[in-house]
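Each of the next two complexes has subunit A plus one more chain, namely subunit B in the first and subunit C in the second.
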Partner chain A sequence: MAILRLTLASRLAEIKRFGAALAEFLDEEGVPPSLAHRVKLVIEELVVNVIQHAFDDGREHTILLDVRTEPGGVAIVVEDDGKAFDPRRARAPALRDLVDTGKSGGLGLAMIQKLARDLSYQRIDGRNRVRAFVAHRVP
Partner chain B sequence: MAVDGIVVSVMTGTNTGGVSILKVSGYLDTTTAGELETALYGLLDRGIYKIVVDLAGVNYISSAGWGIFIGEIKRIRNHSGDLKLSGMVGDVHEVFQLLEFHSILEAYSTSQEAVAAFKKDAAA
Partner chain C sequence: MNIELIVVPTSENVSHVQLVGRLDVLAMKEIDVRFHGETAARERSAIVDLSRLEFITSLGIGMLFGCAKSLRRRGQTMVLLGSTGFVDTALRTVGVHEVIPFATTLDEARRLARDARS
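Then we have the complex of A and B:
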């Protein structure tokens, strides 16, 4: 079991930086490309959601990202000190509703709920802690 | 899993029967999706609603990319057009299936097949 820990600033440019570090880590750990692809997607959707929606004070915050290879897949933990948000309870929109409204908000959440399993959430001392597991086996 | 930017080129011509092809290469994420959006809006603003998006050179699409297609498809079809995808391979195609985007968007192996499907639509 190997672990990658990153501290990200709450700005979108960080997506590129963690993407490069993540790709290198998953490659070194021999994670198959299909699983690595889904892991990257789930992390991007989680982190972008935090950057775009968790903070409203105009200040830069830090987001902690923890990725570990485990038997059967890859576990992801994302921590932030933004507004409470439980991705398990949020209702992802149906695709047909997005088409009808011409909007795409919530699509990232739908992707997280579809691609990850064992999604868990804790609110501890004013911090969000989301854990997701992306399995080798395609959902 | 390369981490790159994105290249978008637009082909419009009579040999495609009035269908425009958006050829996309690279990595379609939150930081790059705006370039595809700009290219697509450029077509829509000119009243071009028959569009093939060739994704053969794309190795990653996040919700920022898929959201462009999902968010605009109704407007495009309301103008008697369509946006058809082509060339998706490997992991991108797997996600397309997993997320059930195939229930909304038509996908073809090649851009030529997608263009031919427009001709078939017109003949029907």
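Then we have the complex of A and C:
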């Protein structure tokens, strides 16, 4: 079992930095491409969602990302001190409505719910803690 | 560069573009305006070749939806061509194939684009 821990600033430019570190980690750990792609997507959707929606005070915040390889898949933990938000409660949008409006609201969370299993959420001491497990076997 | 938008010359009355690379949040912000300019703004059906796209996120899919909406309002359509591997999996995971036509060959894409106008 190997662990990657990253501290990210709450700005979109961080996506490139953590994307490179994550790709290197998954490659070094021999994570197969199909699983690595799903892990990258789940993490990017979680982190972008935090950056875009968790904060409304105009200040830069810190997001903690913890990725660990486990038997059967990869476990992901994302922590932030933004507004309380439980991603399990998000409802998948009606796709027809999204095409009619030309928007993608809720689609990222729908992707997370489809690609990850054991999605859990805790609110501890004013912090959001989301855990997801992406399995070798496609859900 | 994460993403590249290639305009494919065509004699047909459709737009044809190819997306190459990663369509994540940063890439989407980089090419969104140009993508709409080369597809929806032309007011004719568009073939979007995804065969060389390696990665796509929900915001990238949102960009496709925005284009599809604009074209649909004008009685035109967008056809997604040649998605493979992870990109195809990601699109089908959330059901994009249920609302935007997919094609595996250029001939099929052209036919679907033509059918939308007839």
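The rule is simple: the second predicted complex is superposed on the first by the 139 of 139 C-alpha atoms of A that agree within 3 Å, B and C clash if a C-alpha of one lies under 4 Å from a C-alpha of the other, contacts with A are read in each partner's own complex, and residues count from 1 in each chain.
What we mean here is this: a residue touches a chain if its C-beta (ideal position, glycine included) is under 8 Å from a C-beta of that chain, and two chains touch if they have at least 3 such contacts.
Computed from a predicted structure; not experimentally measured.
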Fit or clash - subunit C, subunit B, common subunit A: clash
Partner chain in contact with A:Gly73 - subunit B first, subunit C second, else both or neither: neither
A:Val99 touches, of subunit B and subunit C: first, second, both or neither? both
Subunit B versus subunit C as contact partner of A:Gly82, first or second or both or neither: neither
First, second, both or neither for A:Ala23, with subunit B first and subunit C second: first
Which of subunit B and subunit C A:Met111 touches, first, second, both or neither: both
Common ground on subunit A, meaning residues reached by subunit C in one complex and by subunit B in the other: 12-13, 15-16, 19, 33-34, 37-38, 40-41, 44-45, 48, 95-96, 98-100, 102-104, 107-108, 110-111, 114-115, 138
Subunit A to subunit B touching residues, read off their complex: 12-13, 15-16, 19-20, 23, 26-27, 33-34, 36-38, 40-41, 44-45, 48, 95-96, 98-100, 102-104, 107-108, 110-111, 114-115, 138-139
In the complex with subunit C, residue positions of subunit A that touch it: 12-13, 15-16, 19, 33-34, 37-38, 40-41, 44-45, 48, 92, 95-96, 98-104, 107-108, 110-111, 114-115, 138
Subunit B residues touching subunit A - in the complex, by the definition given at the top: 1-3, 29-31, 60, 62-64, 66-68, 70-75, 90-91, 94-95, 98-101, 103-104
Subunit A-facing residues of subunit C, complex: 2, 24-26, 29, 55, 57-59, 61-63, 65-70, 72, 85-86, 89-90, 93-96, 98-100
